[in-house]
Every structure is written in C-alpha cells, then in structure tokens.
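Letters A, B, C, D, E and F mark the chains as written, and numbering starts fresh at 1 in each.
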C-alpha cells in the first residue's frame, strides 16, 4: 500500500515537473522570440533610415527581374515537357 | 605415391566442383534473368494496356525536344549572366 | 658563466645553421625552378615546332567563347543521341 | 535445386513483412501526392522513393553499408545537409518584402507559438502516460510547428536523433498539406471584411539595405542567441552571396547545382528513416498528431497577431498574411494569397505575405536556438 | 651538394621503374584513343590521366593520403559513385522505345549470356590451372560482359575489390571498342536479307506509362530479386525524376552537374588502380582476355535471340538490334544502326536499337544481383 | 527566473571576448573590401563570413562538430579542396599566350624568388629571436610569395598546419591588395621608356599544341620533380579537359558548379581559422609582414627579369609584364596592363601579361614541390 502511494506521489511530482518545465519553456521561449524579433525590427528600421539618409542616390532595386528570369526558366522547363 | 595420388584426386574434385558451380550458376542465372525480364515484359504490357484504357486522353509525349530545351535553358542562363 | 657561454655558442651555431639552411634552400630552390622552367621552355618550343611542321593544317583555335562552345556541345550531344 | 530454394529464400516475396508492405504503400502514396497532386514534389518524391528503397527486404540500402545509410550518417547526423540547404534557402530568399515592412516580423514571431504549444502538448501526453517523450524529444517534436524542413531536421539531429525520421516526415508532409490545413483555420478566425482588406503597395528596397540586412541578422544572433547561429548564420551567408552582387557565380551555383544535389540526398536520407521497424511505432502516431496540432496553432496565432497588428497599425494589414508566418515558404504565402483572392478577386496579397513568410523562417530558427540552448545544457 | 643529390634521388628519372614507364605509355595510349579517336572520351580521358598520376614515382597520389586514393576509398569502396552514376544514367535514359516494344527486353536478357559464359570461362581457366580465380572473382569478371561500367565497378567492389581496377578498365575499354568488336560478329551471324529488315515505326508512349514504369521496375525487383535493388533502385529513381515532370530542377542537376562531377572523380579513382604493381599482373591479362570473350558472346547471343524473335513475332525484327542488348549505351545501338545502314541505306534502326540497349542495362543489373546473391552468401 | 539568467549567460553579450570583438571587426572589414571595393570578392566574402561565424562565442561552428570545422577537416587537412580548385584553375586557364611566347616562363620563374627570399627572412627573424619559425614553417610562409591561394593552402597543410589559417588569409589578402602593392614597385624599377614598350601581336596557337602542353607538363614533373606532381597534375588535368574538346561537359562543370561549390566551402573553412585565439597571435603579425615582403620581392624580381629579357631578346618585351609572374591570376596581369596604359594609352599588355601570369602558377607549384621535398624529408 504505502509503497504504491509513494510511487503515485513521485509520479505526480514528475508529471508536475514536466508540465511546469513545458510552461516555463513556452513563456521564456516565446518571450525570447518576441524580444529578439522586436530588436530585429528596430535594428532593421534604423538601418533602413540610415541607409536612405546617407545613400539616397543608391538606386532602388526590386527583385522583379529575378522573378522574370525564374518565370522564363519555368516556361522553358514547361516547354521542355510539352 | 599415395599422397600425390590423393592430392591429385582432391585437385580433380576441386576442379570438378568449380566447373559444376559455374554450370549451375549459368543455368540458374540465365533462368532467373529470363524469368525476371519475362515478368517485366508482362507487367509493362499490362500496365500500358491499363494506362491506355483508363487515361486515353493522356497526351503522348516523346522526349526528343528535351535537349532543345536544355540548349534554350543554356542560352537563357548565359543571357541571365550577362 | 661557462654554462651561459656554452649556451650562447650553441645558440650561435643554431642560428648559423638556420641561415645557412635558408641560403642553400634559396640557391638550390631557385636553381631548380629555373632548370625546370628552362627545360619546359625547351620542350614546349620543340613541341610547337614539331606540331606546326607535322600538323600545319591544324586550325588555330582561341578558347574565347566558352558558352557558345557549351551550347554547340549540347547540340552535338543532342544530335548524337538521335 | 538448392539454388532455386536460395533464390526463393532470397526473394522479397518470401522475406517481406506486413510492416514493409504497409510502408511500401505509404511511400507510393507520398509519391502520388508529390507527382499527381504536386504537394512539395521536391521532397515528397525524393523522400517517398528513399522510403521505397528502405523497405525492400533482405538488402542493405538504408542500413549497414547501404548508400542511403551512409548518406544519412555523413549528411544528416553531422547536420551538414540541413545547414547547406539553409544556405541555399538564403540564396533563394528575397528579404525585400520584409525590409519594406519590418513589422511583419511580429507575424513570424507569433506563428512560432505553435512550436511551444506543441512542446507543452508532448509533455502533457507524457504526463498523462499516453506517450513517453523526454523534454528534448518534446522540443524536437515542437519544431515541426516551425514548418521549416531543414530547421526541423537540424534540431532533431541535435536533440532527438531517434525521432528524426518521423519528425522530418511530419514536417515535410504538413508543409505539403498546408493548402488543406490552413484555409479552414484562416476563415474561422477572420471576418469576410478582414479577408477583403487591401494592403498598400510595398516601397522599393535599396541594394544597400539588402546587403546590410543579413550582416545585421547574424551579428544580432551572435550577440543575443549564439545557439541559433549555425542556422541563422548559413541563411544569412546564402542571402549575402545573393545580394552582394560580387559573387554571382557562387550565388548561382548555390541556388541551383548545390541545393539540388543536397536536396536529392537529403530526401533519400530522410526516406531511409521510413523503414517499417523505425516508422511504424506508436511515437510516430504521436508525432504526426502533435505536428498537425502545431501547424494549426501556429497558423491560428499568426492570424490572430495579424488581427492585432491590423488594429494597432496605421496602415491596413490583412490578417490572412499572418498565416504565412509559419513559413512553409512559399506555400503558406500562396495560400494566404489564394484565400485573399477568394474574398476579394482584386486583392493580391502574395508579396505582402512573403514578408511574414520569410520572417517565419527566421522565427523558427530563433526558436530552434532557444530549444537547443535550454534542453541540451 | 647534398641537396643536389637529394634532388636527384627524389627525381622520377632516378626512381621510375620499367613497369611505371610501361604504364605511362599505356595511359598515354588511353588518352590518345579517348581524344583523337573519341573512344568513350568521358572515361578514357579521366581514367587515362588518373593512371598517369598513379605511375609517378615517389609521391603519394594513388596511395596513402593521396587525393586519388582518398577518392577511391570514399567513392568506390563504398559503392557510392557507381550508384550515383546509375542514378544519372536513369535520369538520362529514355525508356520510351522499350515501353513501345517491351519484347526487346528479351534481347537485353539474351545478351547477358556473355556474363555467365565468362564466369564459366574464368572458372575453367582456374580448373586448368592457367589462372587462379575464386568463384566470386569469376563472377566479378563475368560482369564485364554486361558492358556497363557502373555495374561492373559496383559488383567488383562487392565481390572482388582486388580485381576492381583491371575489371573497370576492361569494361570501359571494351565499351569503347564496341564499334570494332561487334560488327564482324553481327555480320557473321546474320544474312544480308536479315540485316536489310526494316522495322515498323514505334508507337508514341504516354507520360503516365513513362512515370509508372520505373516504379513497376523497382517493385518487381523488391519482390523478386532484392540483391539487385541498389543498382535498379537508383536507376529507377533517376528515371522517375526525369519523367515525373515535377522535379525538373533535380533531374536537370542529376543529368549535368552531379553526374559530371562524379564521372570526373570516378575516372580518376579508377585510374588510381592502373599503378604498375597492381595492373601489370597475370590476372589482368586473364581479365582482359575474358572480358573480350564476354563481349563477343554477349553480342552473339543477343543477335541470335534477335533472329529467334524475328521468326516468332508477327512484326519484323531486325536481328542486328539484338547486339545492342549488351548495353554499352548508346554506342552499341549506334553500331547496330550503322551496320543496318551498310546493308540498307534507308534503314534507320537507331530508335529500335535503343530498346534492347536500355534493356541490356536492366538485364546486367539483374545478373549482377544474381551474382551477388549466389556468391556473397 | 533561472532560465532568464541562463539566457543571459548563454548570450554573446555575456560571453564575447575582446579578441572576438576585434576579429568580428576584421571580418566585417574583409567583407567591406570584398563587396564595396571588389577585392578578390569570391574569397574575401566567403572567408570573411566564415570568420564572422567562427568568432561567435559559445557555439560550435569552427570547432568540435561544427560545420566549418568538419569542412576544414574533410577538405583542407586532406588537401582535397586546394587540389580540386587547382583542377578548376586548369580548366579556366588559357595557356595560349604562354605557348605563343614560351620565354615568358622565365618571368614566372624569376618571380618565385620572393618565395625563397621570404623563407630566408623567416629564418632570419627566428635567428634574431624575434619570431620562432621552424624551417618547415618558414617554407610554408614563403609560399605566400607564390601569390597563389590553393598552392599556399596545400603547402601549409603539408608543412605547417598550425599556421594554415594565417598563411591562407595573408595569401588571399595580398592577392587582393596586388593593385596597391605592385604599381609603386613596378614604377620604381622601370623607366618611362620601358613602360611605353609595345609588344608584337602574339601568334595563334593550334589546338594540338594546347592539348599536348598539359601532358608535356605533367610528364616533365613526373620525371624531374614528383613532389610537385599533385598540384601540377591536377592543374594539367583540368587544362586537358578544357582543351581536348571531347569532354566539354566535364570541363564546363569543372569551370562552374564544381569550382564554385569548392570555393564556397574552402572560403568558409579558411574563415574557420580566423577565430581570435588562433589568429590574434604574434606569429600572425610575422606572417602578414613576411607575406607583404614576399609579394614585393616577387614583383621586383619579376620586373627585373623582364628588363633582362628585354635586353637579351630580339623582340621587345615590356618589363611590366614581369610583375605578372607572381601569378595572382588574373589580377596581376590586369595591373601590368593598367600600369602599361598609364604610360602609353595605346599599349594593351593584357594578353602578353597573361603568359607570365599563368607561368607564375606553374612556377610557384614547382617551388612548392621543392619546399615539400627538401623539408618534409
């Protein structure tokens, strides 16, 4: 009897531990993710401002022609099969 | 004398063994090759019949223009780089 | 005293060794480089003479247009397979 | 006569187990989904075929000195393949939309909630005695919610090699099933009006910003979360090669020959973990179940964060793009775009969804770093 | 002064052995045949140059920590290179002609008789005391008759690593010599009338058939002959990538960058087995002799089976295409086409010969599986 | 709470050392030079980024099981990467100008004086007690004067693995700085008149000469200097593939996918030697100093030999092309061309400078062989 009880209790403790660990991991983890990405948002925004201020001449580039190339390639690939 | 004889006999046996092994391997081997490829012929023919029955719409394709496409791709790739 | 002296002398010897080794390496090394490349000059010149004598018809080629070559190769490969 | 019996005993018909038959069927299904349904074909075709080979009885392919096993040891146990793929992903990724609208990083952050919720779920199942996952295993399972194949494989390799096969399969399968999993959740959590929201044209991003961003990213990781540095570092390296404009030949090879070669062998090696004895175990069911939950929660939290941002921000934000925060690039962004079009035929969300989509890649790599730091100590 | 002597003692002129001089000559011959005569250049050039490097005295290249030795250990002892090449062959192979006329598989089967006849021959020479080959070595030598480089290297690696060099060289050399070896045999065994036979245009093959075939092939191997699964499996995988149409980027890389890279290192590694002490041994002569016999017998049995099929079948079959059953893709098919043109200038056999040609690849892989099963047990 | 502290203790901010901060700065500088100044971008970008990753505290990237360390062990300790790069260099090198004017080989020979002078210098510093280099280390440092990255890495790997990082960095950095280092020396040693010298048009070179040359080269090395055979052999192999015209698909892959892939990983692996504890040591300063001297002396001796040849030879030779003899292909040739143009706007020296430039590659490989033979015995 008493042994079983004790085992039962220990089991409860272990389970409690697991859940607690999970909860802390979740809180601290999501916290860190948000802190990190918030800092990244800040750093990126700052960086963009600095760049646009000090290198306004810098020609803007959009990856469009990349995609065009990709599309052309896709078309070719398509043609290849038909 | 008797030793040499025995060696001689053993040698003969070994040689006989080798030839026999070779013959059986040849017979069973070629047999298996033919059985396997016969089954493959059957399975392939059956498969083709099923496909042509159930997917007649399926447009026929020959792989000829593969390389043409490859060449076009090469040209594109070349252009892309310059 | 005498110990220090001896160490001093040994040090000098070692240093002398190093410098000597360096000098010999330099002389023999540069010597070998020149001997080798001189032989290469000779062999190359001889080779060119022989080639130009025995294969004058051999069309001159410059390796400039690589990509074109690649494409041609692709075409050839294509032809070869069909 | 003796040889005939040897052939028979050596044949698959004689040696094959029911489990292997089931797995052959499952692998053919993966191939069908990849080829006929075009679900993540690059990986379902390679993984599926690797799985076929791994369930052929009586021959060393996925074991011993078999090629697939060797590839697994060399490329996945070392972590090399996922990291090289990540470099290729970086070289293929256009961070422009993210730079044009950095706030979308918050969507990529929110979607990672799926990871930690799943971690908790795995520990919960263990506490209930349904499953038996250690904290490290639970962390590895959670990463499935990152919807990022290489990240999942990398983390599993570090924390739970024994589960790597099932985790990788779950990750890639659900990435393939994103078009089925996400839309109902997205529609459930958004109003018709919200789905109709049109977003303002993104500004153009200068090449200097594009070049500085990967350096900024790797330095921030170096200072704050070094355990995420291998993944983020390779991603940033690939992207720097892409954007810096002076190593185009390296960038081109990384985007093509290199990533293609590694993808082929990564797929085959992952397939080598689909052998019946390793895959047909209870924990696999738990992993598949939890993985599905992870995707659902990640999608939901991304959408909810989208609604929140829409409230808070001056410019309108369509909450649908939050679902792209789980990454699964570019599938999830296309899904957001499609659902948006259903609500409003003139509403092209694709480029706006690419922001949270790539942010999700960074987000799950960061989450991976946290998991590794907390559980491998 | 001392250093001068050191240079002299370190020089090749001082160290080189007559054997090495002979091998340098042989390798230059291989290079000449590859470059000037265009015999199998992809392999004779790489093997020949690897052989040159391997016979430079007094430096570790094909031994110890030398690059060629390392490549050999990593790529050939493991079986990885031949299997990857086989994947590339699959990605380059068009099974259309085979699917349009499956009976040509019988020609691919018959041509494998050369393999088993050579096996018997090798054992016969041993019984006569001329050579001393074990059954496993004899089996590896026989596979030369498969006229398929990767298959020969793979089998030799499994059954007779010590003979791998000579076997690989023999296999590739005779594949290069196919245009010289086959025609006389083909003309000897066929009548002018038979060589004139025109064959009916092949039907077009649907993409679905092309996609299902490799799966059918690997499943059949799995059920009947697992020991052939590594070779057939990689061949089928490459072909599935080629035909499925959804992984073109992987297929393209497999057909180009990947197979080219592996070919370069495979050739160099095979060349590393052309060092004098390993290559200038009696057994090499036996192997070269038996290999020639294997090609001749394989060609003959293919042609004879062609004559038989022509008798039995309703549609006319030109027996010449039977010679293509030895594989040596695509050389043997071109030879059949050329001999056909000699007899009938309007008779284009090329596409018809491609059927048995690729069937021969499958056939010799199957024979390889049988050899491995029977002799490695 | 405990976890927060764990994050803080795990963060870079907490763990980073001053040395790592310095190295991060140095690596960012290398990246700036590569990207903004376009100095040797292919290598400064990859090495610089590898260096960034190697100085992130508290994570295994350049150590233990980290990817960069594994790549270093597999690719550089074995010598494989430098040799493969050398094969690629051969496939990219046009020996035409050299064949059209073989005497330029003497310029490539003279420039190697920088190597041996630096060797002597390193031993001198040791004798003076300023530094402590063994003969083998001194030899490895000297090779920096070869202005050839793969050669320097290969030799350092054989003779002084401990210094490989600093030596590789010095070699690549100075190759990048060639446009700054060479012109003053060239102008100092030549008169305006000499710099104005125009050279006669090079004759066209037949394909046969191009094909025979690499074979001639490797045979000469085999007979005279086997210890140079690995480097020269791979260079000749790559060039033979380029010129023989029958393996264009292999040559094309070697010039693109293969050399690009190896360059990426070579750069990252070299970067892994830029960790603070390995790089911020006194010997690095000595190596950087001596490397600079080596380049200067090599340039000077090349130019002086150019002046001598100009005196001796019938046809005019512009001494500036002698500076290209240090190799640093093709940078040094472009520098010679530019300095020539400054003196005489109609004087195009580029093709004439390519001769000594590629001769310098052969020359430093020969010198490397000599170093290895004399010091590794």
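Assume a residue touches a chain if its C-beta (ideal position, glycine included) is under 8 Å from a C-beta of that chain, and two chains touch if they have at least 3 such contacts.
Because the structure is a prediction, the values reported are computed rather than measured.
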Shortest walk length in steps over touching chains, chain A through to chain F: 1
Fraction-based call for chain E against chain D, same above half, different below: different
Averaged-CA centre spacing for the pair chain F and chain D, given as whole angstrom: 41
Distance from the mean Cα position of chain B to that of chain A, given in whole angstrom: 49
Distance between chain centroids, defined by C-alpha means - chain B, chain D (Å): 38
In chain C, residues with contacts to at least two other chains: 25, 28, 32, 70, 77, 81-82
Shared interface positions of chain F, touching two or more other chains: 3, 7, 224-225, 249, 252, 256-257, 374
Chain D residues within the chain E interface of the complex: 3, 6-7, 10-13, 15-16, 24, 28, 31, 34-35, 38, 41-42, 45-46, 49, 52-53, 55-59, 61, 65-67, 70, 256-257, 260-261, 263-264, 268
Touching residues (chain side chain F, partner chain E) in the complex: 78-80, 83, 211, 215, 218-219, 221-227, 229-230, 233-234, 236-237, 240-241, 244-247, 249-250, 252-254, 256-258, 373-374, 377
Of chain C, residues touching chain E in the complex: 24-25, 28, 32, 80-82
Residue ranges of chain C touching chain F (in the complex, touch as defined): 14-15, 18-19, 21-23, 25-26, 28-30, 32-34, 36-41, 43-45, 47-48, 51-52, 55, 58-63, 66, 69-70, 73, 77
Residues of chain F defined as touching chain A within the complex: 3-4, 7
